[in-house]
Every structure is written in structure tokens, then in C-alpha cells.
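Each of the next two complexes has chain A plus one other chain: chain B in the first, chain C in the second.
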Partner chain A sequence: MDEKIRRRERLDRGIKVRTEGIYAISSWRGIAYTSLPTAAFVLGLLIIPLAVTSMTWQKIIIIACVFAFLALSFDFLAHFVGIVCLGGAFFTGVGGYISGVLNSAFGVPLVITIPIATIGGAVICTLFLLPCLPMRGIYFAIVSLMYPLLFARVIQALDIFGGTDGLPGLATFPNTWVELYLILPMILILTFGLRRLVNEDFGIVLRAIKDNDQAVRASNINITWYKMKAVFLGSAIGCFAGAYLAHLYGWVGISLFALDFSIFPIAATVVGGVGTLVGPVIGAIILTMFSEMLREFGPLRVVFYSLILAGLVILNTGGLVPYLQRKYYQFEHWIEI
Partner chain B sequence: MNIFIFGLVNSVILALMASGFALVYGVSRLANFAHGALYILAGFATWLFLNRLGINYIGSIFLSIIIVSIIGGAIYRFLLIRVKGMPASEIIASLAIGIAIMELFRWRGFISEAYMLPPFVAGSVSIAGVVIDWQRLIIIGVGLAMMLSLWLFTHHTKVGLSLRAIAQDKHASMMSGIEPDRTAVIALAMGSALAGVAAVVILPLGNITVETGYMVLIDAIAVCIIGGLGSWAGVLAGAFLLGFSRILTAAFIGPHWQMVVVLLFIILTLILKPSGLLGRQKELEERV
Partner chain C sequence: MNKNVILQVKGVNKSFGGVKAIHHVSFDLLKGEILGIIGPNGSGKTTLVNLITGFVKADSGLVFAEGKKLSGLPPYKIAGLGIVRTFQIPRPYHSLSAMKNLVVPLYSSRIMRTIGGKLGDRDTVALDILEEIGFERDAHVPYKHASTFPEGYLKRLELARCLALRPHVIIMDELFSGLSVSEITAMIPIVEKLQMNGMTIIMVEHRVRELFQIAHRVMVMNFGEKIAEDVPDAIIKSEIVKQAYLGVT
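Then we have the complex of A and B:
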């Protein structure tokens, strides 16, 4: 009976409790404590490109940001609406091709093609995904996984939009700084905008749909209509990433429908922390850098991040951001029981 | 006649590809996205046994089917069992495992023309004026034999009956002493074995490529959605519908349009009859 069981207890830090609500502005220390994580994230993102000097790493940051967009879209759909979308590549492909076709066939400048591709692509994606929205279960995941593979095959087989060669010679951005400081503020706006959105009335309905769709239906709310709006938002984010990517490389091809764009953002979300919206961005940056370090392994990189993804999902780790949050807001100590 | 025979072959091929996926989903409500990976794993394993280890053809076929089925069971027993009941995690985890397997083959350089299995019986035969090679006839034979033996297995053996029991009513069968986890392992092992059988009979028709894995996954899922997830007759109906319509499209409109037809069928099914052609039992559950 003398055996003592030790257990780790977590308690909120005093300063966290003190700075909740209006009391946050009672002291400079409190203000600093509450605003530090946000400030670190915002400044970190804006300063990274200045801190790295080489062109290669700036390009890597841009790619990380593109993946961050897709990861944000996945996280929003999966953890706030309950729609598991395995088709990030569908969004990038549709967005990229719309802006590519507009630019190469009609000579529309880049400042117009990207917004058109974002909105138009989102409309197209939503229409294609609409049939599986009233369904629960695995239909959405299956269908969204199939679309990019099928679309790539269709483009290849019918030889439309340049077929296998793609459409080269699109307009590109004037220089790297424009590329960087177009996408970085967008990421910040999206992250905080989405976080705001999921706490608004609209977001509350979405989260309710995730938790209990029958209850939402019983409240006389049209679930499909709400899901459709959420998918529109998610696919608009993805389509923007695709259109941006098309103009970044000055080329669109069926590689925009590649599985990388579906699986990598999911891995990034799981690494960064699911359902946090900040996590996917941080996860995308970490994972892109990791993947860059493994460049010499070539195709094996896909194996690496699939394994990371499978491992993290199976072990059900919370991800990086929840871990950091725990450390920041709480302290732990061992107690005997 | 030409269309009829090749449509039949195509339908049986689709039914073979989809049966493993349908079995696993029907029994344990688990969408096994590693299905395509297990399919090409069987193909490459047979090739390796045949050409690297020098085992004879029949031996390497049986060995690779057994190995694939063990791997399938192990994937559930050691990995997927931990995310049981969380559909999103199940899908992501199995897809990630599948991609890892497939891309591992790509990395090892299994992408050249050299990877093909020899047909079981070379040559061709003429039936009612249509020249058809023996391998396609063997596929039809294996497909029929497989359907028959699966029917016998699920209706007349204890293990088969327990699989059906779990599929029909999980709680009632748990009360009669059937363990859902063990049946799920059996279902996944059998599903993988079915994928393996499909692979070794179908792959001699062409090269073994990594892309085949993705295409098989898509075809299997398309058949299951059209026919109704978790319904046996639905798999057959879906396979025949898709198989014949693909052959008809290839004959009358052009081979490029085959994929468009698949897409169209899926969208139409989801709009008109979301539970699939013959899937009745879960209509209420899946439609919000």
C-alpha cells in the first residue's frame, strides 16, 4: 500500500488568469504577456524574408507560404466545419489553370487574373463539390481526393489547356520582394480573419454543424447552404494559392494537380496543430524547410512526410502550437496521489 | 459482340479491383485508402519473387498474396486500430500509409517498362469472331470463382458469418461474442488478399507502374460509390455499369472520354441516389 503514484498536474499560470478579460490592460507586464504570442507570430512572419539573404531561401519561404494557404484551407474545413478535404490539389489546379488560361490566351494582366481565378475557381470548385455536401461520412474525402487525379487525366487525355506540356510564358511578378510581400500579409489577414470568422455567429453555426448536424437542422438552419459557403471560402483560399503559384513560375501544367498539394498541407496542419489556424502556417514553414533539407532524397521526401503524417495522426499528438500554448499558459508539477 | 466481350472483361476487372475495398468498408466501416498501394505491392512482390529470387510463377503468386494479406492485417492491427472510430483520422492515416508504400516503390526506381508479369497462358483464342487473349478469359474465370467462393465463405463458414454479422449489426454481434477488432483484422487481411489476387491476374495485361495504384484506388472507390458502399450486389452492379459504359464510350466517342464518364457517373450518383444503386441499409445514416 505504500506505493505512491505520481501524476503530473497542470495549472494555469497566475499571470494568465490575471490577464484574462479587461484586466489585461492593468499593467504593462500583462499587456506584454497577452500580446506576445500574436506579436511574435506577426513580426516573425514579416521579418523572416529580411533575415534570410539568399535568393533560394526566399523562394523556399514563398513556397512555404503557398502551402500555408492550403493548410489553412484544410484546417478550416476539417476542424471547424467537419469536412475532410483531401483535394488541396484540386483547388490549386483549378485556380492555376483559370489564371493561366486567362493570361496566356487573352493576355489579361496578372492583377486581374489572380482575383478572377480566386473567385471563379472557388465557384467552380464549390459547384463540383456540391453533390457530396449533403452527405455525411467519407464521401467528401473520397470525391475530393479523386477530382485532382481525374482532372489531370482529363486534361492530359483531351489535350486541352496545353495538355501535358502546360501553358508556358505567363506573366510573372516584377521581383522577389513583391512576391514575398504580397503573400505574407495575405497569410496574416487570412489567419486572423478566419479566427475571427469562426468565433462570429457564422462560425458558431459551422462548428455546430461539425459537432451535431442534426441539432443544427432542428434549429431550421440549412446545413448544405452553410457547408457550401464554407467550401467556397476554403476553395477560394486554395485557388488563390494556385493562381499565385502559376504566376510565380510563369507556367501552369498538370503538376498543379499533383498529390503533393493535397498531402503536404495536411501533414503541415498535423505538425503545427489541428484546429488552431496558426498551427498550419507554422507547420507549413517547418515542413517546407525540412523538406528542403531532404532535397537530395528526391521522391523519398513524399515517403517521409506521408510517414510523419501517418505517425502523428495515429499517435494523436496535439501538434506544435497546442504544446507551446500549454507551456506558455500553464505550469506543470508532479503531485503524489 | 466485340463490345460485349470486352465490356464483360472490363467489368470483371473493376469488380475484382473493388471487391477488396468493398469488403473492408462493409465489415468495419473503414475506408481503406491504402487499397491501391496494396494492389501494386502484390504486383511488385510477385515480380521480385519471380525475377530476383527465382521462385516459380505459381509459388510467387501465392507467396505475394499471403504477404500482402499479412501486411494488410498488420496495418489495421498495429496502426489503424488506434484511430478507430475517427473517420477523418482513419482516412488520412490509411491514405498516408498507402502513399508511403507507393512512393517507396517510385523511389526504388520501379518506374521503367521492364516491370511486367508474364501472362499465365500465352496466346489468344477466337470466340464468335472476336479475338481475345487467354489472360482476359482467365480474369473472367478468376472473377467468377472469387465471387462464388466469397459468397460461400460469407454464408457457410463461421468466420464469414461473423463478418456479415458485424457488418449488419455491430452491437448485437458483440453481444453474441464476436470481437469487432478481430473481425476487422480478418476483413482487412482478406481485403488485401483480394487486392493481391486482382493484381496478379490483371497486371499481366500491362506494365506495373506506381500510377496504377492511384488509378486502382480511384476505380475501386468509383465502383463502390456508384454501386452503394458496403453492398455486394452493388459492387457487381457498379462494376458492370462502369465497365460497359467505359467500353461503349471508348468505342463510340473516343478513349479519352473514359475518365469523364467515370466522373459524370459519380456526380450523377451523388445527386440522384447518394446511397448508390443498391445500397439501401445506410441511407438514413449517411444522408444528413
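Then we have the complex of A and C:
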């Protein structure tokens, strides 16, 4: 009777507690199993710039990171607060122009303009979005989509802040490595910071507002105040992206109010997986790389791009990250019994 | 004014378009009692609850709580005064676990103000409240997502959400509806215990038999008007109530 009986067992067996997302870790294997995805994400993000050699691709990664910021902001507001905010372009525009005006008119260095643009821009954006906070769903989306169009026209018509020419000659970063290693750690901090936030008590209140705002009102909580804080946070993220972009190009113009900044983050979020926070970052990187690779196809690029996007959306509706997560938890190995 | 009156409703009116949902309803709620509100479907019971808790603005008439005017205050402020409600259709936060559902009221300014730093860890307090109301702690029930719960648990979760706010007055909007007889039997002692702990309770109900066991007074509504208010025994005998319910003329 030397024959050994073997069966397949899931890797998470023994460490996964019955309830969702709780693990009882007691061994190095368990720790490795649960922390591997996070470690892969962190290291992957930090190593990408070293892996690509050409300057062009490093620039592409930077742009992807800017979009990742906006996608994070969108995902946070849409999935954790229930505010569908298409104000990405509004945030980048306001952040970029504050930074640009401070730098070109008053000569403030960029280490000061970026923080000011982040906070000040968030205040301005929140004030503008405040009247429509009681609105939900599509109505909020429409209003937030309208502001960038409005601001771009105002700047054009009144010929303020450089009008259609924009403000050239802003301070730029010393070199590409500074650009890269400013924004990449910021993304990591933001991703994990937001994930922490939505599991803290404050974040629980925000998620409750998304699920059922009436019950939150009946629980002695002023939902407008909490939504305002969430919008402030979301717009601060967007304004940082805008201010960063202004100093990246050394120029601000009404193209910072372009609708790409509103629409692209949504596509990135859908591809990466709604509500995962890591997903939008990965989605933004993948989509930006795709659209660059397809540049060779000329006019056909848009067709390929749309097809790939449609395919990704249709094939796994949950998004990339939830799909990978599911597969990861299903890994099995042989054990002897 | 009687010092024992904790909530006073004075001649409130509310119309939705041409329909008079509430027509000149007045009543006093005495401290520590259980007041039942019954009436046929569409008689304005839930609208009355909405008026008291501020979810609907009254056309005219006033609501006072211990001398303080409630009319015109937003719902969250009324809840902050300790007058809380359950919803007829449970409104849990589906994506959160039962325990985290209670973190929301525990994070409210009322709780922060009244007990502040002494509260300790909100999760632990939430677990205690849930256990009190019948969520089996050992069976991981408090950790399960609210979306997985059957109706009976959702109703209890509604009640737990109110209790977490440490209220003076709880308005239960059809707490027993949708529950089986055994679930109701389990729920009655909970309600009685709350009353014995000094809470004042309004129960809007369709389950008349169970309500009459525990209510001290019962108010009957029909077509938005209050048609009777008395002790349960007198209500059972009342001709006018029979008329409203059975349509006997």
C-alpha cells in the first residue's frame, strides 16, 4: 500500500477565511501568496522606466501616469462615492492654468506652483461643482462635462491667460528621470492611500452614500458635506495631474481642457476594472501604450483602437484586474493525502 | 403642556398634487410609550413618518420634539436630535458587511458629540449592537455582506442602524411586514426590551394582532385623517375602525 493518493487543492485553502477578503496567515507561504500581487504591482511600476530604453517610451509612460491619476480620481468618485464625474478635463485645465499663471506671471518656481495648483485648483473645482452635488448619476456627469467646454470658451473669448496661444515658456523639470520618479511613487502612494481610505470609517461613510444615500441621511450624517470632501479629494488628484502636465510641457493652453482628459480615464477604468483602484492605473498604462503602438497604422489606428477597446469590454466585462484576481485565487497545486 | 410629551404633531397637512395624503393630523407622543399607528393601505402612515423625520416637507402644521421645532429641519438634523426611523423597505448598504453598515451611524456627529472619544473602536461597538439584536457573532454573520442577507436580517439591521444612534424616539415603519410568524415572535421581545430601556417607540404596522400585544395606545388613520386614538382594547371594539377596515356601513 505504498501508493500515494493525490488531489488538487486551491492555494488559498487554509488561509482564506469564510468571509470575503479575510486571510488567516500563519506561514511564509501564506504571506507570499497574499502579498505577491501587491509586490508585483509596486515593483512593476517602479521598474517600467528602467526596462524601456528609448526617451520616447519614457515620455509615453509619463503621459500614461498622468492619465492614471485622472482614472484614479474617476474610479474613486464613481465607485466609492457614487458620483459619476466626467470633470477630468476641468480638473487638469484648472490645475494647469493656476500653475501656469503663477509661474509665468509671478515667476513662482514649480516646487511651489504644483502644490498651490493642487489645493487651490481643488477648492475652485469643488466650489463650481458644489451646486450640482445634490444631483445624482447622469445629471452630475453632464454638468461636470460642461465646465471644461465653458472655461475653454471663456479663455478664448476674453483673451485672458494668453488666449488661444496659451502661456509658453514655463519652468520644466530638470530631466526625464525626475519627471518619472516624481509621478510614479505618487501613483503608488495615491493608489494605496485611496484603498486605505475607502476601508477607513470615513471611506465607509462614502461607500454607504453610494449604496443608499437616504439611509445615510437618516443616520445623522450630512451627505452634501461628505460628498464635498470626496469631490475635493478627487479634484485635487486631477488638478495635480494638470499642474504636472503644464510643467512637463512648459506650456499651458486651452488644450488642457480637451475632452480626452474626461473620456480616456473612463476607458482606462473600464479596461482595468471598476472599483479596484489598481485597475485604472494598469488600464491607463495599457491603453496609452496601445494607442502609441498603433500610431504606425496611421488613420486606421482609431479603428484598431476601438476594436481592441470593444473586445476588452465585451470579453471580460469585469475588467482586467478582477479577472486576474479571480484566476489568481483559483490556482491549484497537487497535495498528498 | 404636559411634561411627558416627547413628540408633538400639530395639525400637519400634506398633498401630493390633488391627493391629500395627510389631512390635519395631530397627536402627542408620551415619554416611554409604544404608540401603534394602523390604517388601510394608502392611508398616509408612511407619509406621516416622512413628515416627522423631515424626508417630506409638510404643507402646513408643525412638529415639536420636547419644545424644539422640527419642521423645516433636514432629515440628518432630526436624526441628530435622537428621533430616528427605520424604512419600510430595508435600505442596507449592500456592498458593506453588516458590521460596517453600523459604522456609518457610529460615525455620525450625534455619536461623536455625545460619547466622543469614549466610544472606542467602532467595529467592536457595531458587533455588540448586532449581537444584541440577534446577529450570531460566532457564525460570522456580522462579517457577511448585507446583500446576502434574507429579509428578516435586513429588518433587524435597519433597527440596529437606529439603535447605533442612541435615540430617544424610534419610529418603526412596518418592522414586521415581510417577516414570518416565528421571526415576528423573535422580534417582539427586542421591541419590548427597547421600551423597557426607556425608549419611546412609534410602530407603524399592518400586523395588527402582534401590534396590539405590545402597544400602549393605538392611532388609526384612514384617507390621511386620524379617525381614532385609544388603548388597544377600545380600538378593537370601535365601530369606526371596523368601518374603515372592512368597509361595513
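Heads up, the rule we're going with is that the second predicted complex is superposed on the first by the 283 of 337 C-alpha atoms of A that agree within 3 Å, B and C clash if a C-alpha of one lies under 4 Å from a C-alpha of the other, contacts with A are read in each partner's own complex, and residues count from 1 in each chain.
The rule is short, and it goes like this: a contact is a pair of C-beta atoms (placed from the backbone, for glycine too) under 8 Å apart; a residue touches a chain by one contact, two chains touch by 3 or more.
Quick caveat: nothing in here was measured; it's all calculated off a predicted structure.
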Touching partner for A:Q214 - first (chain B), second (chain C), both, neither: both
Which partner reaches more residues of chain A, chain B or chain C? B
A:I204 in the overlay: touching chain B, chain C, both, or neither? Say first, second, both or neither. second
Does chain B (first) or chain C (second) touch A:I223, or do both, or does neither? both
For A:I22, using the defined touch cut-off, is the partner it touches chain B, chain C, both, or neither? Pick first, second, both or neither. second
Considering only the touch criterion stated at the top, classify A:R196 as touching first (chain B), second (chain C), both, or neither. neither
If we overlay the two complexes on their shared chain A, which of chain B and chain C does A:I263 touch? Say first, second, both or neither. first
Which holds for A:R153: it touches chain B only (first), chain C only (second), both, or neither? first
So, A:K327: does it touch chain B (first), chain C (second), both, or neither? neither
Overlap the chain B and chain C contact sets on chain A and report the shared residues. 214, 217, 223
Within their complex, state which residues of chain C touch chain A. 53, 55, 74-77, 79-80, 84-85, 87, 91-97, 100-101, 103-111, 122, 140, 143-145, 161, 164-165
Within their complex, chain A touches chain B through residues 78, 84, 86, 128, 131-132, 134-139, 141-143, 145-147, 149-150, 153-154, 157-158, 213-214, 217, 223-224, 259, 263, 266-267, 270, 297-300, 302-303, 306-307, 309-310, 313-316
Could you pull out which chain B residues touch chain A in their complex? 31, 33, 79-80, 82-83, 87-89, 91-93, 95-97, 99-100, 103-104, 106-107, 214-215, 218, 221-222, 225, 255-260, 262-263, 266-267, 270-271, 274, 285-288
Report the residues of chain A in contact with chain C in the complex, numbered from low to high. 18-20, 22, 201-202, 204-205, 207-208, 210-212, 214-223
